[in-house]
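Shared between the two complexes below is subunit A, which pairs with subunit B and subunit C, respectively.
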Partner chain A sequence: MTEILRVENLTTRLSARDGSAAAVDGVSFSVHAGRTLGLVGESGSGKSLTCLSILRLLPPSLSQAGGSVWFKGENLFDKSPRAMTAIRGGQIGMILQDPMTSINPLFTIGNQVGEVFRHHRGVSGRRNLWAKAVETLRRVHIPAAEERVGSYPHQFSGGMRQRIAIGMNVGCEPDLLIADEPTTALDVTIRLQILSLLREIQTARAMAMILVTHDLHLVSRFCDEVAVMYGGRIVERGPVARIFQNPAHPYTKGLIGAVPKIARHAERLAVIPGQPPLAGEHGAGCRFAPRCAKAQPRCFAQYPDDRRFEDDRRAVACWDPEGLPS
Partner chain B sequence: MLSYILRRLGAGLATVLLMTVIIFVIVRLVGDPAHLMLPPEATEADRDLFRQQLGTADPLFTQYLRFLGGLIQGDLGRSFRYGVPALGIVLERLGPSLYLTGVAMAFAVGLGVPLGILSAVRPGGIADQAGRLFAVLGQSAPPFFFALLFIRFFAVELHWLPTGGYGGFTHVLLPALALGWYSAAGLMRLTQANMAEALNAEYIKMARIKGLPEHVVILKHALTNAALPVITFAASQFGILLGGAVSIEAVFSWPGFGKLIVDAISQLDYTVVQAAVVVSAALFIVINLVVDLLYAFIDPRIRYGR
Partner chain C sequence: MTAASNAFIEISGLTKTYQVRPRFFARSRPLAAVAGVSFTVEEGGTFGLVGESGSGKSTIAKMLMGAELQSGGDIRIADRRFGSRLSAADDAWRRRALQPVLQDPTSALNPRLRVASIVAEPMRVQRSQPDDAAYERRVIELLEKVGLTASHARRRPSELSGGQRQRVAIARALALEPRVLVLDEPVSALDVSIQAQVLNLLKDLQAELKLTYLLISHDLAVVAYMSSRIGVLYLGQFMEIGDKADVIARPAHPYTQALIAASEPEHAASLDRVMGEIPSPLAPPPGCPFHPRCQQAVARCRVDKPLLRPIGPNHQVACHLAG
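So, the complex of A and B:
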C-alpha cells in the first residue's frame, strides 16, 4: 500500500491585529493509494483549512506556521509557486461544496474542462481541447457529452455540475483527490450517485482520496480511515470499522451517539452539550474539556499527547480514553 | 438575434421621436428668436414677417408635422442664424467631438481598467496607493482645472504641445487627458470593486485549484465576470463626454458638439438644437445597443434567457 500523502504537524495560523491564533494546530495524518480518509468534524474545526493548506491556497488572512506536507515523498512546502501550480489540478484535485458557485458561469463547460489539459498536458488547439473535454465528460457520465460540451453551467442541474467539477479535477489523472463536502449542497437522491462516481474513478486508478464531511453515516459507508477533528486538532484517527465499533475519545463517542437511528425511538435526539471553541479562544488544555462529561483538572491544564494503540493503527489524544488496553 | 436587434432599433426610433416632441416644445418655451435676432427698434409687423419666414408663426402642431416630414427626408431645416442646413452644422462638429471623446475614453479605459485590476489583485500595493491618489484627484477637481494646468505646464512652460485649436494628435492630447481623467478615475474604482468581488468567488478558488496560472485566473476568470458594469459605465461616460465637454471645448477652442449646443440654445436657433438632439439621441441608442450586444456576447445567461 503506497503512501501518497503524509501530513506532519501541520499548523495554520489566523493573523489578526491583536496577535494570531492557530486554526489548524499540529495536524498529522496520511493517505494511501486507493484508500479514502474521512476528515470529520463540526463547522470551524479546521477541516477545510487543512485541505487548503495542503494545496497552499490559504486565503490572505491565514498563514502557514509550521509542519510539512509530503506528497509522493516530496515536501510541498519546499516547492516553488510554479511547481505548485503544476501539482494543483495535475496531481492533486479538489472538489468544492457547492457546484452552483464553483464553476465560472461565463464559459462553456468544454472550455473549463479543456483548459486543464491546456495548462497541464500542453494540449493546444480548440478541437483537441474539445475532444479531451468530451472524453472527460463521458468519464463522469454526462449524457450526450458531444452535444453538451458547448453548453454553459446554468444549463445543468446541481448534480450534473458536480460531475463536471469532478471531471475538471480528475481529467489529468491525479494521485490524490480532496473532496470538501462534495454532496452537502446536493439533493439527497443525487448524493449517492456522486459518491459512487467518486468511488468508480478512485478504483479505476487507485487514487487516494480525502473526504471532508460532517456526515458520519457517509464516513462509515465510504471511507477506509477516519480522522476526527475538534478545535483545529485531530482528536482521534484510525480504521473506520474499529473507531465506529469502539470509539476511544469522548468526542468521537458523542458524535457517533448523536447520529439519529430510525429503529430506535428515542424521545430526544442525543446531543453534545455546549459549543465548539473558536480559534484562539481555548486554554492550554484539551479543547473538548469544557464539554466533556469526564473532564478532570489535568484535562484543562495540559493538552494530551497522542496515544497510539492497536499496532499503531489508531491514535487518540485524551488523558482518559475509553476501552484502551492500558 | 437579428429580430432582437431590429426590435431594439424600433424601440430606439420611438425614443428618438419622443425626444423630438419634448425638445420641440421646450426649446419654444425658452424664448422667441424674433425678439432676440431682430434689433430692438423693429416693429411688431417686422417681427411677424420674420416669424413667418422662420416658420415659427404657425401653430405648434403644424410646425411639428413639418419637422417630421423633413426628418423622414433627412432634412432638419435651416439654421435660423446661418441660413445653412442645421444637420450639416451638427455633423460638422460631430467629427471633432467623436475624435476628442474617443481619445479621452481610450485614455480612461487604458489607464483606469489596468490600474483597477492591479489594485484589486494587490490591495495596499503600489498600484492601489497610486490609483487611489489618481482617483481622488480626478474625481475632486473639475476638468477645466486640469485643462488650465496642462496648458500652463505642457504648452506654455515646456512648449511640448499646442495651447489649443483643432488638429492632429498633438492638438487632441491635452484636451483628451483633461476630459478623460474623471472617467479614468471612475473606471478605476469600479474595476477595482468588481474585480475584488469576482476574486472572492468560489469559481476563482476552483480555477486556482485546477492549477491555472495566476494570469489566467485574473484575466480570464475574474475580469470577464467583473466586465459588465465596467462596460456599462464606460459607455455611459462616452455618451456624457460627447455632449458634455463644453468647458474643455471652450478652454482649448475645440470645435465640438457641446459648445455648438450651448451656443444654439443661447441664440434660440431652434433647428440647430433640434438637429443636435436628434443626432445625439440616435448616437446614444446605437451605443446602448452595442453595450447590450456586448452583454449578451459575454454572459450566456443573458443570451439564452431571451
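So, the complex of A and C:
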C-alpha cells in the first residue's frame, strides 16, 4: 500500500487578538492509495480546518503554526504558492459541502470543467476543451452530457451540481481527493448515489480519499480507516470495523451510542452530556474530560499521550481507554 | 366514528395546489405540493412524516398550523374543524394549542432579544400572566423544564450553543401550554451528541405534558426513534403509512425500503436502490409517482396509479407489487 499523504503534528492557530489558540492541535494521520480515511467530529472539532491546512487554503486570520504535510514524499509546507496552485485541482482535488461554492454561476458548465484541463493539462482549443468537458460529465453520469455541457449551474439540481464538482476535481486524475461533507446538503437517496460515484472513481484509479463527515453511518459503509476529532485533536484512529465494534475512547463510544438506529430501537438514546468546547477554549488536560463520565483528576491536568495497540494499527489518546489495561 | 373518536388530529384528503409560472411570460400552472393526504394522530402520540425535499412535508405542517390555507380536504383538531371559514374562537384556540419548533434555532430566535424576552413573548402577546414577576417566574420554570438554568435568561442567542438555542425555542413553544408541537426537522441542524440530548428532552416533555407531536424529518432513524406512526411522503402523497413497527420492520414500498437503506447504508446490500432524482412536481409522472426511480417498476406502474390499500391491520401501502 503506497502512502499518499502523511500529516505530522499539524497545528493551526486562530490568531485572536488576545493570544492565539490552536484550533487544530498536533494532528497526525496518513492516507494510502485506494483507501478512504473518514475524518469524524462535531462542528468546531477542527476537521475542516485540517483539510484547509493540508491544501494551504487558510484565510489570513488563521496561521499555520507547525507540523508537516508529506504528499507523495514532498512537504507541501515547503512549496511555493505557484507550486501549490498546480497541485490543487491537479494532484489533489477538493469537494465541498455546497457545490455552488466551487462553481461560478455566470459561466457554463462546459467552460468551467474545460478550464481545469486548460490549466492543469495544457489542453487548448475550444473544441478540445469542450470534448474534455463532455467526457468528464459522462464519467460522473450526467445524462445527455453533450446537451447539458452548455447549461449554466442553476439549470442543474443540487445532486447534479455535486456530480459536476466531483468531475472538475477528479478530471485530472488526482492522487488524493478531499471531500468535506460532500453529501450533507443532499437528499438521502441522492447521498448514496454520490458516494457510490466517488467509490467508483476511487476504485478505477486507486485514488486516496479523505471523507470529512459527521455521519457515522456513512463512515462505516464508505471508509477503511477513521480518525475521530474532538477539540482540535484526534482522540482515536484505526480501522473502521474495529473501532465501531470496540471503541476505545469514551467520546467515540458515546458518539456511536448517540446515533439513533432504525432496527435496534432503543427506548432512550445514550447521551453525551454537555457541549463540545469552543475552538481553543480548553485547559491543559483532555478536552473531553468535562463531558466524560470516567474523568479523573489527571485527565484535567495533563493531555494523554497516544497509546498504540492492536499491532499499532489503532491509537487512542485516553488515560483509561475502554477494554485496555490502564 | 370509532377510529375518529380517539384521534386528536384528523386529516383527510388534504391538498395544497399552488399556481406557479414556470417562466416569466408563461401561463401559470397548478403545482400540487400536497395531493390528497389523510392521517390521524392520537392524543399524546407522535406521527412521523418522512420524505425528501419537495415531498410536501413542511406544507402539511403549515396547513395544520394555519400558516397556509388548504386547497381542499379537512383538518380536525380536538373535534374542531379548520376549513376555509373558521370562527375567531377556533383560530385563537389553534394559535395557542399548536406551537412550532423549527429546524434552525438561529433564524427562529431574534438575535437582539435576551432569552427571557424571547420565551416571554408569546405569553405577553396572549397576556397570559398577571404581572412582570409572574412572567419572570414562568420563564425560569420553562427554562428549567428544557434543561437550562435561570442564568441563561439574561443571555442573547449568540451567546448560546446550537443545542441551547434549540432548547430556548422549545421553551418558547411550551410557554402557552400547547397541546401539540409541530416539530419540523428539530435536530437536523445539531451535532450528533446534541441531537440525542434534544430528542430525549422532547420524549421526556411529551410524557410529562401529554403533548401530541407531528414530527417532520428526512432522517428515518430520527422518525423511527420518536414516532408511534410513520407516513412516508413522496411528491405530496403517502407511499406507505402505518405503525412504526410495521413500516420499519416490514417496509412494503420500494421507496421506504430505499430510505431505510440510505439511512443506514452499512446494512444495505445494494447502494443503487433509487435511480435518478425526484421529478418536478409541475410535471409529475403518470402512473405511480415513484416509478421512474423504482427498480422494480413494471408496465402497469407507468400507467396505473396505485392507491393506498391496507396490507395489515394498521398498515397501508400505495404499490401494485407490495403484499
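In this text, the second predicted complex is superposed on the first by the 320 of 326 C-alpha atoms of A that agree within 3 Å, B and C clash if a C-alpha of one lies under 4 Å from a C-alpha of the other, contacts with A are read in each partner's own complex, and residues count from 1 in each chain.
We take it that a residue touches a chain if its C-beta (ideal position, glycine included) is under 8 Å from a C-beta of that chain, and two chains touch if they have at least 3 such contacts.
Just so it is clear, the model here is predicted, and its values are computed rather than measured.
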Query raised in the report: Should the superposition on subunit A be reported as showing a clash between subunit B and subunit C, or a fit?
Result: fit
**Report entry** First (subunit B), second (subunit C), both or neither touched by A:T2
**Finding:** neither
**Report entry** First (subunit B), second (subunit C), both or neither touched by A:S61
**Finding:** neither
Report summary line: Note, angle between subunit B and subunit C viewed from the Cα centre of subunit A, nearest 10 degrees, works out at 80
Query - subunit B versus subunit C as contact partner of A:L216, first or second or both or neither - result: second
Query raised in the report: With the two structures laid over each other on chain A, which partner does A:G89 touch: subunit B (first), subunit C (second), both, or neither?
Result: first
Report task. Report for A:S15: first if it touches subunit B alone, second if subunit C alone, otherwise both or neither. Result -> neither
Requested in this report: Go through the superposed model and pick first if A:S124 touches only subunit B, second if only subunit C, both, or neither.
Outcome: neither
Requested in this report: In the overlay, answer first, second, both or neither for which of subunit B and subunit C A:Q302 touches.
Outcome: neither
Report task. Examine A:M168 and indicate which partner it touches, taking first as subunit B and second as subunit C; both and neither are also allowed. Result -> first
Query raised in the report: Looking at subunit A, which partner touches more of its residues: subunit C or subunit B?
Result: C
Report summary line: Shortest distance over all C-alpha pairs of subunit B and subunit C after overlay on A, integer Å, is 5
Query raised in the report: subunit A residues touched by both subunit B and subunit C?
Result: none
Report task. In the complex, go through subunit A and note every residue touching subunit C. Result -> 42-43, 157, 159-160, 187-193, 195-196, 214, 216-218, 220-222, 254-255, 258-263, 265-266, 268-273, 275-276
Report summary line: Per the touch rule above, subunit C residues touching subunit A in the complex are 52-53, 161-164, 191-197, 199-200, 203, 218-222, 224-225, 244, 248-249, 258-268, 271-274, 277-278, 293
Query - Contact set on subunit A toward subunit B in their complex - result: 55, 57, 85-90, 93-94, 96, 98, 101-108, 115-116, 119-120, 152, 154-155, 165, 168-169
Query raised in the report: Which of the residues in subunit B end up touching subunit A in this complex?
Result: 201-203, 205-214, 216, 220-221, 224-225, 298-301, 304
